[in-house]
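Same chain, two partners: chain A is paired with chain B first, then with chain C.
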Partner chain A sequence: MAAQLLNGLTEGMMLFLIASGLTLIFGITRIVNFAHGSLYMLGAFLAYHLMPMLGGSTVASFASAVLLSAILVGLLGLVFEVLILRRIYGADDLLQLIITLALVLILRDVVKAIWGANDISVPMPASLSGALQIGGTFLPLFQIVAFAVGLVVITLMVSIMRFTRAGVLLRAATDDRGMVALLGINQAWIFSSVFAVGCFLAGLAGALAAPFGNVNYLLDTNIIVMAFVVVVIGGLGSLSGALIAALSVGMVKGLGVIYFPRLSTVLIFLIMAAVLVIRSLGRGAISK
Partner chain B sequence: MSFEHVQSRWLFAAVSLGLAVAMLMLGPGIALLATEVAIMALFASSLGFLINYGGMVSFGHAAYFGLGAYGFALAAAKLGLPLWLAVVLGPLTAALGAVLFGALCVRLTHIYFAMLTLACSEIVFTVLFQAYDYTGGDNGLTNFMAPRFGLSPQIYAALTVAIVALCIAFLARIVRSPLGLAIQAVGEEPHRAAALGFSPRLVQLVACVIAGTLAGIAGTMYSVFQGNAFPDYAGVGITIDALVMVVIGGVKGFYGGVFGAIIYVLLKTFVSRAFTHWELVIGLILIAVVLIFPTGIAGLLQKLGLSRTARPSGEQHP
Partner chain C sequence: MMKIRQLHAAYGRIEALHGVDLDVGEGEVVCLVGRNGVGKTSTMRAIVQELIQVTKGTVEFDGASVVGVPSHDIIKRGIGYVPEDRRAFASLTVAENLRVVRKGAGNGQWTVDGVYALFPHLAEGRKRLAGVLSGGEQQMLSIARSLLTNPRLLLLDEPNEGLAPKIIDEIIAAILKLKQERVSMLVSEQSLRTIRACGDRVVVIDRGASVFHGTAAEFLGNPEIARQYLMVSGH
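Let's turn to the complex of A and B:
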């Protein structure tokens, strides 16, 4: 039970890491980044690739591989934003969606070309592969560490959003982009950096979560769908909403495996549908 | 009804008939490919109808494709119904699904609409995947019939082309009807349409059901074509395929879905044969399409004056 609980919490935390980037990007740029799952997948593959180069399965090499993968994915996001995405802000919803879909297809093919179509597995750092005994139950150490890393990222994010000038600008831009532009803030710079940070978070989540399961090129759509669910339940653009939603979804998945194995996934989508429909009841007859 | 309109109707009938007859003369491999193109053309056209005319970008159109396939396959494999009845039940299942999901989804707009359609299609996918006692789960339903009812590839291709042509003619008829104009009006300006006395949600629901049913027909035909059904038929992958087709084909033209399906399926088949990176090629084409000619192939043809059948916009209505 405690183990399943931790399972759910860890999965929820990983979901939050990816969903936070998605919701951050949407909040500022109004772009729904369909490629976010692909960036997560890329992060996982990069970690797999970098770990042996950085000295095998020690904690230090894993940590540096995770960080480096996240940075590389963030840089890729930056390049994509500056070269392509920047040209279509304000264009039709569909075109923005399609541009990110194009990135999904390209990344999937690139990953297949470099690492092949088979499952790969990223080893846990050897010293973290044990279990921690608390009371009578053994809890996998690596999950606890991954969860803790998530907490650190949340703390960092909250402090940046609350206490720095960049955070103030971001919150302002989420509320009213036009007004921020009127204040003489360079919007292009905000958009690029937010997109890069969002991609960094996706890469971080992918690399960090890679040892939990098999990594393959099909990860992209599986993950993006769950990330959408989290972002929608939490409210598009809301970080705290995404955190609550991610942990809840993780718990439903983690506990659902014991109590209603066949229904857990359907239940998550039903919750998402219910949240959307209930929210729509509060609005007028047609809201644009 | 202008002369031009009648003329294009005869032209459409002649081209369709010609294509169907041509199918009978192809080699079996090409006939199979043509069948897939035709089925996907119908599927993409139904999604294109929803996007271009109804202004509704759906992320879950595969739900109806999957329901069409499983409605047919379950009826044939598990209920043991005669095949002709199963073939009718497929699209009917999709239509019922479209009524149910549509009624929920039209309450929302824009990205929220897209997200709810995605949730609906994922529910369908997960149910098909998890209810393995009935659906066979991941293994799908197989070996319950001879693919294509045992027809030769050429005859089935001709049959498919004929059915798809009928469905697309029906869709063209809808687009030009008062209902079609109402769907466009609601798609472009829901508030003004409401002020004119339309019920936006009802009109959108009707559009969803039309598109869902046509997607269901495509799903049933695909299931018959392959002689099987898999949960992936309702998966995000199929929706993405269709979205890509609609965009490559063109988001402003009626035949965008058809053009897109032809290009997409041919690229997928021939590029992947020549070198393995066909998804890379499609991705680059998509970026080029969006950045250079955002109206797609249909829009390009229209710009060059080669096609008169592109979407009638406000000013140049037939």
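Let's turn to the complex of A and C:
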């Protein structure tokens, strides 16, 4: 039971890392980035590629591979934003959808061309592959570490959002980005940095979660669906909402495996539907 | 410092302005008056290039055209804009709203302490969320925020609209103080409050075009104009 709980929490945390980038990007640029799952997948493949080059399966090489992968994915996001997305902010939503979908297809082919179509597996750092005995249960050490890394990222995020001017600007732009421009601030660089940071988070999640399962070129669609579910349940653009939603979805998946193995995915979509209905009822009540 | 000639501007295909002429000189307070929906807000939007597209005519600030210039660059050139609906960042505190503006923007004299001194009301509530402030407080916040960009020309779109008389007095007092500091202003309104208090010149706008230009004294001395274009009875 405790092991399943940790399982769910860790999965929820990884979901939060990817969904937080998605929701942040949407909240500020209004871009729905379908390629976010692809960036997650790319993070996993990059970690796989970089780990041996950085010294094998030690904690240090894993950590640096994860960080480097995340940075590379963030840089890719930056280039994509500056070269392509920047030109289409005012354009039709459909155009944005097509362009981010194009990135999905391109990244999928690139990944297949470089790493092939077969499953690969990213090893856990050797010293983290054991388990921690707490009471009578064994808890996988790597999961605990991954969860802790997530907590560190959240703390960093919250501090940046609360206390720095960059955070103030982000929140202001989420409220009313037009007004931010009318105070003499060039939105272009806010958009670029938000997009880059969002992609960095996707890359980070992909690399960090890579040892949990098999990595292949189909990972993009699997993860993007769950990430969207989290963003929708949490409320588009809301970081705290995404956190609560991600942990809940992770728990439902983690615990569902024991109690209702065949229903856990269905249950998640039911929760999403219920949240949507309740929210629209609430809105109806307010407008009356 | 600002010169507008035969300004035509449109929202998409719908033309809202068809011939506005307007000048604001150094240190001057110009009042832009007219009824509901005649194009006061649209004129201000055309100056900061927001939402509306200039289709004909010229808008110059310090001798350079602003047409097609991104809004944030226009603000950097020294124009401050306080929109009609104030647009305080609702989920930010008062202090955070002020923090949005880059420190030392425009190399002027305005500081956070300076704007708090201008509106002591704001200083008391600096930790409150802008979303829960009263209309008057939001107006003060919006003016304060814009002052931090150190504008040489401030656009105030109906700053007194919907506010209690006591608050209007405070806003007018602030406008007077700004005038003493030689900030040029373009103030739109549907009443005669600002004109009486500190207007130098008046431009009347009707159905998208300017129809009267004159000094405040000329305008106030000719109640017929106010009756025709404003529907106010002199209060």
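Assume the second predicted complex is superposed on the first by the 283 of 288 C-alpha atoms of A that agree within 3 Å, B and C clash if a C-alpha of one lies under 4 Å from a C-alpha of the other, contacts with A are read in each partner's own complex, and residues count from 1 in each chain.
Note that a residue touches a chain if its C-beta (ideal position, glycine included) is under 8 Å from a C-beta of that chain, and two chains touch if they have at least 3 such contacts.
Model, not experiment: these values are computed from the prediction.
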| item | value |
| --- | --- |
| Clash-or-fit label for the pair chain B, chain C on chain A | fit |
| Chain B versus chain C as contact partner of A:I160, first or second or both or neither | neither |
| Touched partner set for A:L75, first chain B, second chain C, both or neither | neither |
| Angular separation of chain B and chain C about chain A, which is computed from CA centres of the superposed model and rounded to the nearest 10 ° | 90 |
| Partner chain(s) touched by A:V168 [first = chain B, second = chain C, both, neither] | second |
| Which of chain B and chain C A:I120 touches, first, second, both or neither | neither |
| Partner chain in contact with A:I84 - chain B first, chain C second, else both or neither | first |
| Partner chain(s) touched by A:A181 [first = chain B, second = chain C, both, neither] | second |
| Partner chain(s) touched by A:S280 [first = chain B, second = chain C, both, neither] | first |
| Partner chain in contact with A:L132 - chain B first, chain C second, else both or neither | neither |
| Chain A residues touched - chain C or chain B, whichever exceeds | B |
| Superposed arrangement (fit on chain A Cα atoms) - minimum chain B/chain C Cα distance in Å | 13 |
| Of all residues in chain C, those that touch chain A in their complex | 48, 50, 70-73, 75-76, 81, 83, 87, 89-92, 96-97, 99-102, 105-106, 145-146, 148-149 |
| For the chain A and chain B complex, residues of the former touching the latter | 32, 84, 87-88, 91-95, 97-99, 101-106, 108-110, 112-113, 221, 225, 228-229, 232, 236, 262-263, 265-266, 269-270, 272-273, 276-277, 279-281, 285-288 |
| Complex contacts: residues of chain B adjacent to chain A | 51, 57, 104, 107-112, 114-116, 118-120, 122-123, 126-127, 130-131, 190-191, 194, 200-201, 235-237, 240, 243-244, 247, 251, 276-280, 282-284, 286-287, 289-291, 294 |
| Chain C-facing residues of chain A, complex | 165, 168-169, 171-172, 174-176, 178-187 |
